[in-house]
Structures are given as C-alpha cells and as structure tokens.
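Each of the next two complexes has subunit A plus one other chain: subunit B in the first, subunit C in the second.
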Partner chain A sequence: MYYKFIFSSALILGTLISISSYSWFSMWMGLEVNLLSIIPMMASTKNMLSSEATLKYFVTQTMASTILLFTVIMMSIQLMYNLNMNSYLTLILNTTLFTKMGAAPFHFWFPEVMEGLSWINSLIMLTWQKVAPMILSMYFTLNLMYTSIIIIASMMISGIMGLNQTSLRKIMSYSSINHIGWMLSSILITETIWLYYFTIYLLISINITMILKTLNIFYLNQLFMSMNKSPLIKLMFTLNFMSLGGLPPFIGFLPKWLLIQSLVSKTLISISITMTLMTLMTLYFYMRLTFSTILLEMNEILFYSHPMPNNTFVWILNLTTIIGLAFSTLIFNFM
Partner chain B sequence: MCFIYFVVMCFFSIVSFFMSLNFMILDYELMLEFEVMSINSCGILMTFLFDWISLLFMSFVLFISSMVILYSDEYMLGDMFLNRFIVLVCLFVLSMMLLIVSPNLISILLGWDGLGLVSYCLVVYYQNIKSYNAGMITALSNRVGDVALLMSIAWMVNYGGFNYIYYVDVSKMDYEMGLISWLVVLAAMTKSAQIPFSSWLPAAMAAPTPVSSLVHSSTLVTAGVYLLIRFNFALSDNLMWFLLFVGSLTMFMAGLGANYEFDLKKIIALSTLSQLGLMMSILALGEYKLAYFHLLTHALFKALLFMCAGCVIHNLNNCQDIRFMGGLVMQLPLTCTYFIVSNLSLCGLPFLAGFYSKDLILEVLSMNYLNLYIYLVFFLSTGLTVCYTFRLIYYVVVGDFNYLSINMVKDSSFIMLKGMMGLIFFVIMGGSMLVWLMFSTPYFICLPFMMKIMALIVSLLGGWVGYELSQFSLTSSLSSLNWLESSVFFSSMWNMPFIFTFGMNYYPLILGKKIYMMIDQGWSEHLGSQNIYFNMKNSSKFFQIMYNNNLKIFLLLTFLWVIFMFLYI
Partner chain C sequence: MMKFFFALVFMIPLSFLKKSFWLNQYVYFILVFLLFYNLSFNYLFLNVSYCFGVDLLTFVMILLSFWICSLMILASAGIYFKNYYYNLFLLIVLILLISLFLTFISMNLLVFYLFFEISLIPTLILIMGWGYQPERLQAGVYLLFYTLFASLPMMVSIFFFYKKFFTLDFFFFFIEVNSFLFYMCMNMVFLIKMPMYFVHLWLPKAHVEAPISGSMILAGVMLKLGGYGLMRLMSLFLTVGMKVNYIFIAISMMGGFLVSLICLRQSDMKALIAYSSVAHMGLVLSGIMTMNCWGMCGALVLMLAHGLCSSGLFCLANISYERLMSRSLYLNKGLLNVMPSMSLWWFLFTCCNMAAPPSLNLLGEIMLINSLMGWSSLCIIFMSLISFFSASYSLYLYSYTQHGKIYSGFYFFFTGFIREYLLLFLHWFPLNVLILSSEFFTMWI
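Moving on, here comes the complex of A and B:
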C-alpha cells in the first residue's frame, strides 16, 4: 500500500509543476507526471472495471497531451513569425485542455472512466484532476465564443444526461460537468471566483463522496434504506446535495451568486441565464436522488454492517458546506 | 358557571332597565367618546352612546341571555364543552352590547364581526357536516354584510369621522350618504336575513337550541333592524320603498314557507324570518319606534318559544320532527302552557305581548296612504302567522301521542322550567309595559269598522285554515301532499335556494371546473411541466445512444475536430 503515498505525492507534484511552470514544455511535463502517477492508483485488482477505466483514461489523456504538445510546438514555430495568440492554435489548445478536464463535447470518456473507480479515486478525478487543466486555461486567452459554446454544451449535456442515470458515480460525473461549465465561465471573467468555486465544490464533493464511500453506495437503489440508522447523516446528505445544486441558504449558492453577479456586470446576461436555467435540471436530479433517501419509507434493519460516518472531521465539513453561507462574509474579512 | 353568569347578567339587565327608565323620563342621552387616533383629520374614535333605546335593548338582551344561560345548564347537561359554550354565549352578549351602544361605524364593525364570528362558532358547536355547512352559509352570508359595512366605513371618510349619528339626519340628501345608506341597508339585510340572504337563518338551526333561542331569534338577527333604527333618518325614499318591498316579501314568503315545514326549530326560524320582515317593512314605512317596539316584544316571546321547543326536543330525545309529536300537553303540561302562551303572543292574541306591537303596526299601516299590495301582503302574512302557529299547536300539543312507545317524556326538568318561567311574565306583561313606557303620546288611530277588525278576521281565518289544512290522521290524506308541486315551491320560499344559492354558484362552479380541466390539468401541464419533462426525457434517451459507442469513435472525432481546426480555421 505504500506505493499510494508515493504516487499520490507525485500526483500532487505533477499538478503543481504544471501550474507553476514558466515554459510550455515543463507544463506538459507536469501534466504527464500527474497522469502517470494516477494510473497505478486507479488500477485495482478487486474491481474488474478499473483496468478498463484506467486504460480509457490513459488513452484519452495521452491523446490530449500529445495534441497539446503538438500545438505548443506549432505555436513556437508560429511565434517566430507573428505574435497573434488569438488564432486557431488557441482553439486547439483550449480543446485539449477541455478534453483533459472533461468539458462537454469532449466528455465522453468521463462517465465511462468514473464508472470503474472507487469513491476516493472518483473524488480525485472529480476535483484534483481538474486543477491543472483549469489553471492552465487561465494562462492563455480563452476564445469567448468557443468557450461559451463549451459552457452551454456542458450545461445542457450534464442536465439532460444526468436525468437518465442510476449510477451515483455517473451522476456525480455529470454534476461535475455542470460545475465545469460554471468554473469555465468564472475562468473567462474573474479568476478569484474560480478559486472560491473550486474550493467550495471540493468541500461539497468531499462530503458527499465520504458519506457514499463509508456506506459503500454506488447505485441509486442502494440509497433507500442505507441511512436509516442515522437520520442526521441522511439530513446532511440531502442538504449537501442541495448545496451542490446551489440552493440559497447553503454555501453552494455563494460562488454561483458571485459569478452571476460578475457575469451580469460584464453584460454576459444570456449566458448566465442559460447556466442558471440549465442548472435547474441538475438540481432536479439531485432532488430526485435525495427524495428517495429522505422521503420514502423509514425502515430500520437490525443487522446492518456498515458503520455510519461519525467523526468530527465529517461534521465540521458538513457544517461548513451547509451553513457556511452565513459565515462567508466573516471569512471575506480575513481574505 | 352557568349560575354565576346568570346572576351577573340578570343584575346588569335590571340595572340597565332602570337606567333606561331614568333616561327615558329625563329624555337624557349620554355619550362617551375617546379618540384612538387621527389620520388625515379623520378621527378614529371609540364611542358609546347611552340613551333609552340602547339601554332598554341591552336590558332585554341581558335578561334573555341570563335566562338562556340558566336554561342551558340543564339543556346542555353532560356536554363535554359546556364551559366553552357558556363563554361563547357570553362573548356573543359582549359583542351584541358593543353593537348596541356604539353610534360609530368602526366600533359597530367590531361588534358586528364579533357577532358573525361567535354565531359561526355556535352554529358549528355540534361538530358534524350539517353544522359545518350551516355555519359556512351563516358566515358567508354575514360576510357580505361585513363587506358592505367596511365599504360604508370607507365612504364615511368623506365626513371626517365615523360617528354616523351626527350625520344621519343632516346629510340625508348627500350623494355619499345615499351610498352609505344603501350599503348599510345591505349589511342589515344580511344580518336580519332578508330575502336574498335568508337561507342562512333556517340553516343556522343546526346550533344548540339555547343558541337558537338567544342568537338566531331574538338578538343577533335583530341587529340589522337595530342598525337601521339608528340609521333610519338617512334612508332615502327609494331605499325605503326597496326595503319595504324586500321586507314584506320576506314576511310573506317566510310565513308561507313555515306552513310546509316539519322541523320544529325550522318552523320557528321561519316565523322569526317573517317577523323580521314585519319589522323591516314597518321600519321602511318610517315608523322606527314601532319597529323597535316589535323587536323587543318579539325577542321576548320568540326566545320563550324556542326554549319551549328546546324543552320538547330535549324530552323527545333530540327528535325535532313535529310529526312524531302530538298530545304532549298530557306529558308536558307546563312547557306546553308556555308554548301556547308564547305562540298566541306571536299571533297577537289580545293583551299578550305580541298583541300590542302587531296590532299597532297593522293599524298604523292601515292608517297610512299605501297601495293595495302592501295592505294585502301585511294582512295575509298576519293570517299566515296564525295559520302556521295553529298548525304547530295542532301537531305538537294536541292530538294523538305519536312518539315511540318507549319514552320518558315528563315535565321534570326544573332548571329549564325556571329559565322559561323567568320569561313568561314578560311574554304576558311585556307588551303592555313597553307600550305604556315608550309611547307617552298614544298613536291616533281612526279606522272604519271593517278595517279595524280586519286583523281579527284574518287571524281567525288563518287559525281555521291552519287547523283544517294540517289534518293529520289515518283517514285523511295530508293536504300539502295533494298539491305537492306547489308545496315544494312554497316551502322552499319560492325557489329561493335555487335562485340565490345554486343560481349564484352554478356558473362559477362550472367555470372553475372548466378552467381546472383546461388550464390546470390541460394546457398549462401540456405547455409547462409535463412537456418539459417529456422533452428532457426523450432527449436524454436520444443522447444515451451516443454512449453506447466505444471510445474509439470519441477519439476519432476529437482528432477529426483538431484536424478540422488545423485545416480550415
């Protein structure tokens, strides 16, 4: 098991190399280190699907990295002649990074890969693996039109496809695509908000995946009676999903609020309206997911083997994501 | 608890009676007024007006309610919520007091709404569907009047104050006062159950009998008449004619309807309605003092009548159908005596309470210069009163005993008898007492002989007809069944429920159903949520096809897209 420590530190290291590099080449290198260190962590002998998922992830990311490298080389050739960054090469660069993070028209690998992962790996895939591509896409100008199309596509695809899923990992991956849309729009205008958004998304994702991991839930039908031992966990689970969907009294609303505010102030009104409306669909399937947990009949099974998540860390995180909005102004004082 | 309230109310009744005598002799009025606030030079005041009218009415209300509370101690014996009942009755009395003493529309509204609320609570006291329906009819009908009163309050802002008593006689010709008086008449019509709104009064008989005795016969329903007595000087000629028409129609139709009813309480309720119509119509002739006089005497004998009916119902184990009664004079001699006395007082047998007011009303009417319609309606209604009274006496008091073989009918409920005993004195003496007190100058009546004895003739005729038509034995067929269709027509007060209840509800209900079907369950579902759901579901199903392809195609497409961008952009 010790290899996991090595690979996880290499994973983090790769991302950090990538986002703090001065040259395109070391940036690419950091991405490759990140990829190569997550591959051994994803592979598991206990799960048949994991090797398939690993392979899919590897192929996709490698292809994206290759095109990235290719584009970088092309760009360095072209830069000798003119310094126009806003050319087709930018679009290709964007494409590769969108493929790496799994934004909508390039997202086909994402649910497939997620389906073969354990919850911890899913959490890494949902959150940490997005850091490098997103921060990299901040480093060069995003094409507004292209990115808007990507954002709207992410919103629509995540909303529509999420309706039809029964696997919680797929639902989480579509929800992640939805959040990618929001985060891309924040990258487009205000990069500080991206930080808030990502942090809060990370917190909520940790909460949800921790609960699901402890209870060993992977599919929707496992939710019905899984949390009847502890109504408080049930409530936390429900409220976390509402926070994830961005309902006002929870902290998930805060970054969306900031983002909509700044989008409107930059007169990107139509895109903010589209995003808000499309998020309703994701909110719908979150609600449907939690309704089965909280509203259906309450039976307690006597011999129930799974321990309920019950440590201080879980409670603090949950409280942060649920009542954090009230304290957000306090936090802003120290920032 | 009952006894305490009985003593307190009796005491205050006596006090206010003597005060009213004092005020009457001195011709004195006392007005207490304190200002709550003032908005835009329009003062919101709480005003109490004490003159002999309000004090006398207060003393009568308190007296009757004290008797009724004493009575209900036994009538409601063993009831789980007796205390609530008594408190409700006391609240009723309180809001009635507020209504009586206030010459201010806002403070009247307090009492008025209090009456509506308390009477609703009392009607639904027995918690069953019938009571709920009756209570809802009562509350909603009275709500119309409340709204009219509120609107008249809004119009009163024109005068910079709500003390109508200052304005009624000086501003008779005002446009605003015309509007206000129409609205006030509308309010009074709902409270006094005049024709379009009269269906609630028979329905309100779902309340316990003491409540019917106090609330729905003698006091609450006269609140409208009382308000109009106060407002009398402001009513314009057209309004008077309208009121006369409505009042006389109510009187006639209710009297006719009472002849076809078989529910003991409903007969008395319809009789109340008829008497209210009488009060309204004599008020509309400008004789507000006579209306007030009849209001008081009617309160006395009608309260007693209801208490007797309650005694009968109590003894007959909550049976209200008069066809099961009969021959009760053998079992309930004292109750039946009271019953007959108050009934005869209602008919206007000379020297009982009702005689003084009714005879005076009819003679003043005959003295007036009026058309034949009014004359006929008044005298026919008088005849009808005697008719249904004799029918009632025939069914209840005399004849064969028609109740179950196993019964326990006897005059042993002494507390109830005491309560009735307190009233019987006033039923006999009250009329003469009041006529001596109120009319210090007697009315001058000068009539031809036939017109003078016309009241007597129609009464005797009515009594005879009532006795003949209600023959109830094995050998004779029931005469109301011989003309079944006209019986149905008259007993429903000339199709009033169909016109004013179903007629009002029919099209809105149909429209509501249509809108519910077309919009709520139709187009708004089709264009709204269901269609969105359908589209999203279908597109989700469609996009799912793409996920059936393997990763090769996805990679290929990405490559193609990149190549496309290299080549063409």
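Moving on, here comes the complex of A and C:
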C-alpha cells in the first residue's frame, strides 16, 4: 500500500508543476507526470473493471497530451513569424484541454472510467484531475464562440445523459460535466470565481463521496436502504445533492450566484439564462437521489442494519454545505 | 424585526425537544401576539435593521404567515398522535416560517428572491414527506420545476437590473423599465406562483397530494408570495405594464371563469378548493395588473381573505378526511347527520368562499370589481360569471358534503374535537372581524 503515498504525492506534484510552469513544454510534462502517477493508483487487483477504466483513461489522456504537445510544437514554429494567438491551433489546444477535463462533447471516456473506480479514485477524478487542465486553459484567451458551444454542449449532454442513470458514480460524473460547463464560463470571465466555484464543488464532492464510501453505496437503489435509522442525518446527506444542483439555501448556490452576476455584468445574458435552465435537467436527477429521503417512510426494514457514518463527521461536513450560504460572507474576511 | 428573527432561530432547538408539539404551537401564538405590538399604520418601512424592514403590506403578510404556521401545527395533530416524525415536522415548519418571514421583510429584491427560493425547499419536503399517495413525488417535482423554471431567468434579470440601475432596493423602485422581455423574466415566476391560469397545473396536483399542513401553507401563504412580489415590482413596469397587462388580465379573468366551471365537476374536495383558489387568485392577479389603487388594495384584501378562507376550507376537508379516509364527494355525504356542529363551520366557510357579507372576501371582491370596472367595463361579463360560479361551486361543495343520505359504508364516527373547532374558529374569526378595521389594508400604498 505504501506505493500509493508516493504516487499520490507525485500526482499532486504533477499538477503543481503543470500549473506553475511558464513554458508549454513543462506544462505538458506536468500533465504527463500527473497521468502516469494516477494510473497505478487506479489499478486494483480486487476489481476487474478498474483495469478497463485505467486503460481507457490512459489512452484518452495520452492522446490528448500528444495532441497538446504536437500543437505546442506547431505553435512554436508559427510564433516565430507572428504572434497570433487566435489561430486554429489555439482551438486544437483548447480541445486537448477540454478532453483532459472531460467537457462534452469530448466526455465519452469520463463516465466509463468513473464506473470502474473506487470512491476515493472517483473523488480524485472529479476534482483534482480537473485542476491542471482548467488552470492551463486560463493561460490563453479562450475563443468565446468555441467555449460557449462547449459550455452549452456540456450542459445539455450532462442533463440528458444523466437522466436514466442508476449508478451513482455515473451520476456524479455527469454532474461533474455539468459543473465543468459552469467552471468554463467562469474561466471565460473571472478566475477568482473559478476558485470559489471549484472550492465549493470540491467541498460538496468530498462530502458526498466520503459518505457513500463509508456506506459502500454505488447504485441508486442502495440509497433507499441506507441510513434509515436516522431520517435527519439522511435528509442532511441528501440535501447535499440539492446543494450540488445549486438551490438557494445551500452553499452550492453561492458560486452560481457570483458567476451569474459577473456573467450578466459582462452582458453574457443569453448564455447565463441557457446555463441556468439547462442545469434544471441535472437538478431533476439530483432530485431523484433525494426522493428516497424526502419520502420519509418508503420502506423500513428494522432487522437489517446498515452501518451509519460517523456522526460528528457527517454533521460538520453536512452543516458546512447546507447552511454555508448564510456564513459565506465570512470567506471575504480571509481573502 | 431582528427580535422576531432571533426568536425564530432560537426555536430550532425547541423543535427537537420530545413531546414539545404543543409547546411549539403556543410559542407561535405568543409570537403573533408580540407581533401585534409592532402594528403601525405606516406605509413607510419601519423597524429597519440590516436589509430588513416592515411596512404595512409586509406587516399584513408576516402576520398571515405566523398565523397560518401556528394553525398548521394545530391542524396536524395527527402527526403528533401517530408519532410520525413530528420533531422533523416542527423543524420544517419552523424553517418554512423563517424563510417566509425573511422573504416578506426584506427590502431588497435579491434578498427577497433568495428567501423566496428557500421557502420552496421546506414546502417540498412537507409535501413529499407527510403526503399520502405515491403520486406526491410527481406533485413535488411539478412544484419545484414549475417554480424554478421561471425563477432562474428572474435571477438573471435581477442582476441585469442591478447592472443597469445600481440598486435593488424596493424603496428606489420608481425607475421605469420599458422592456417586455424584462417584464416577462421578472414576473413569470410570480405568475406561476400565484398561479395564473395556464401555469396553474402544479397547484391542484400539489394540493391533492399535500398533507393538511402543506395545503394550508400553500393556499395560505405561498400563493400570496406571488401577489406580494407583483405588488412590489409593478412600480417598475408602469410603461410596459400599460401595454401588456391586458393580456394577463384577460387570461386570468377568462381562466377564472373556466376554472370555476372545472370546480363544478370535481369529485375530490381538495381539488375543488384548489381550483377555487386558482379562480380567486386570478381575481387578485387582474386587480394587481390594473395598477390602480382600488386594484392594489383589493388584491391585498382578497389575498388575506383567501389565505384564511381556503386554508380553513382545507382544514374542513381534512377533518372529513380523517374520519372517512376519503376526500371523494361521493363518500363525504350527509355529514350534517353525524356532525351537525361541524356543518355550521362548513356553512360559514363556504359562505366566506362565495364572498358573503361579513367576510373580507366580500370587501376584496367589491374593491376588485371597482378596479376592474374602472379599467374596462367589459370586465363585468367575466367578473359576474366568476362571482356567480364561485357562489355555485361553494354551494355545491357545501350541499354535497352536508346534505343527502349518509354513506352506508362506515359504521362508527367520532365527532369534532375542541381542537378542531378552535382551529376553525381561529380561521374564521379574523376573516369576518377584520372587516371592521378594513382601512388597515388600504393605507399601505
């Protein structure tokens, strides 16, 4: 098990190399270090699906990295003559980064890879693996038209594809694609809001995946049977999904609020309306996850006891994500 | 108003206390009593702290919310007796009341919007958690998505408004925005919440699936949120309102008539009352849309009257439901034979629903007739049809439930509890006595 410590520090190191370097080549190198160190962490001898997931992830990411490197070389040849960052090569560069983060329509690997992972690896895949490509895409001006298409495609595809999923990992990955859409729009205008958005998304994701890991839940129907001993804790847990959907009383509303306000102040009104309305589709499948809780007594099997998550842990994390909006202004004291 | 807010916040631990059901209810009544000390006949915002303040319109609304919430607890004693998560129920009602309270007292459009949205979640939990049939899932999804679909464009337009005019305070809402798109984005959520005819489908669905407390809060306060929001925002849309308001008046007058006809062929008591609230809120909506003084004041009066009256009717329907385990009008027959005293309350509430003399409904309808007639004399056609048919469906509800032979399929029956008579009295008394000080509702403009 010790190799995981090495690889996880290499994983973090790769991302940090990539986002703090100032040449495209070392950015590429950081991405590769990151990729090569997550591969052994994903592989598991206990699970047959994980090798498939590992392979798929490796192939897509390597392909994206190769094209990235290729584009960078092409650009360096071109840049000797003119400093045109708006050339078609930038679009290819964008595309490789979008593939790496899993934005639709380059998302096809993402749910399938997620399906073969444990919850910890899923959490890494949902959050940390997005950091490097997103920050790299801040380093050059995104083409507004192209990025808008990607954003709307992410919103639509995640909304529609997530509707008939029963696997929680797939639901989480489609929800992640939706959030990628939001985060891309924040990258378009204000990077600070990206930081808020990502932090809060990270918080909610940690909360959800950790509790699901503790209870060993992977599918929707397992939620019906779990945590029936205490409906209040179950309610607090499932309200996280509404927080993920961005409904007002929860912290998930805060980044959307900030983001919509700055989008509107940049007069990107139509895209913000489109995004908010498309998110309603994802909200529908979040709602489906909360049904088992909100219908207070669906089934009550008294003799069948599932483990309950640790109470203090659940309370602290859940209260942060649920009533966090009321205390969100405290963030500004520290920034 | 922060004192009431803190009183409510510190009631959160109280709702977790075992056997604290009635204690909570007493505290709500004490809060209503304390709230009366803050009565002031002033149209300006008083008691201002942070971005919260109270003018007369707000005061009426928060009084109604506190009142209805306390009566909700009184009406849902079944939850307590059956020990069906009553602590969670108290918590949800409390959160709902806090969010409604903050919605009404906020002086800023964004804060208003935020708490408006927050009040949706406890309502949803109330309907889905304590409802009766499996179809409550569908009803909850309808409720949530109808509202959210229109409210997200409203959020975008709020930010747009802020960008253009640098303020979101209600106090400064004398700016005129002459844009139909903006008008629709801002008002559609209120039209859905009211609900206007065409977008009312979520309401009967939510009502028939909701428990009694959910129905009471929906009919009593949630629908009024829509009217309240329109009243606050209408001053922005004077120019564009003159051009397009006739569409909404026409829809809601015509819709009120059609919905009254739908009422006459209902077999479900709760659905009937729900459709009747669509008709009444249609009147309120058209009163607000005329943008004259009669209309605004009449809309407020009818909103208050409808909040108390239809909440009381839902209580009555629930009282029959708890005894017969059915809401069908074919089974709830001849109740006069077994519950003669309850029949009196049925009579009084159906009378109020058809706007019979000593009730606030009458005052509201008269004021709205004045307003709509002043706006266009053609309105008299639908106005008279709505008035007539509201009388007929109220009578239909009364005579079908009270008269006739009793249903032979049930063998024992328990008559009304004192709690239930108290509940009905507390609905009826303000409804018929407040007319003595009706100047209270006309001075807020």
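The rule is short, and it goes like this: the second predicted complex is superposed on the first by the 318 of 335 C-alpha atoms of A that agree within 3 Å, B and C clash if a C-alpha of one lies under 4 Å from a C-alpha of the other, contacts with A are read in each partner's own complex, and residues count from 1 in each chain.
We adopt the following convention: contacts are C-beta pairs under 8 Å (C-beta built on N, C-alpha and C of every residue); 3 or more make two chains touch, one makes a residue touch a chain.
Computed from a prediction, not measured in an experiment: that's the story for all the values here.
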Combined model on subunit A: subunit C and subunit B, fit or clash: clash
Subunit B versus subunit C as contact partner of A:T99, first or second or both or neither: first
Contacts of A:P111 with subunit B and subunit C, given as first, second, both or neither: first
Partner chain(s) touched by A:L163 [first = subunit B, second = subunit C, both, neither]: first
Contacts of A:L91 with subunit B and subunit C, given as first, second, both or neither: first
Touching partner for A:I273 - first (subunit B), second (subunit C), both, neither: second
Touched partner set for A:M63, first subunit B, second subunit C, both or neither: first
Which of subunit B and subunit C A:L295 touches, first, second, both or neither: second
Segment of subunit C intruding into subunit B (one of 133-141, 331-339 or 421-429): 331-339
Residue numbers on subunit A that touch subunit C, as the complex places them: 231-232, 235, 242, 247-249, 257, 260-261, 264-265, 267, 269, 272-273, 276-277, 279-280, 283-284, 287, 291, 294-296
In the complex with subunit A, residue positions of subunit B that touch it: 536-537, 539-541, 543-544, 546-547, 551, 554-555, 558-559, 561-562, 565-566, 569
Residue ranges of subunit A touching subunit B (in the complex, touch as defined): 56, 59-60, 63, 67, 88, 91-92, 95, 99, 106, 108-109, 111-112, 157, 159-161, 163-164, 281
Residues of subunit C defined as touching subunit A within the complex: 84-85, 88, 99, 114, 117-118, 120-121, 124-125, 128-130, 136-137, 140-141, 144-145, 148-149, 152-153, 155-156, 159-160, 162-163
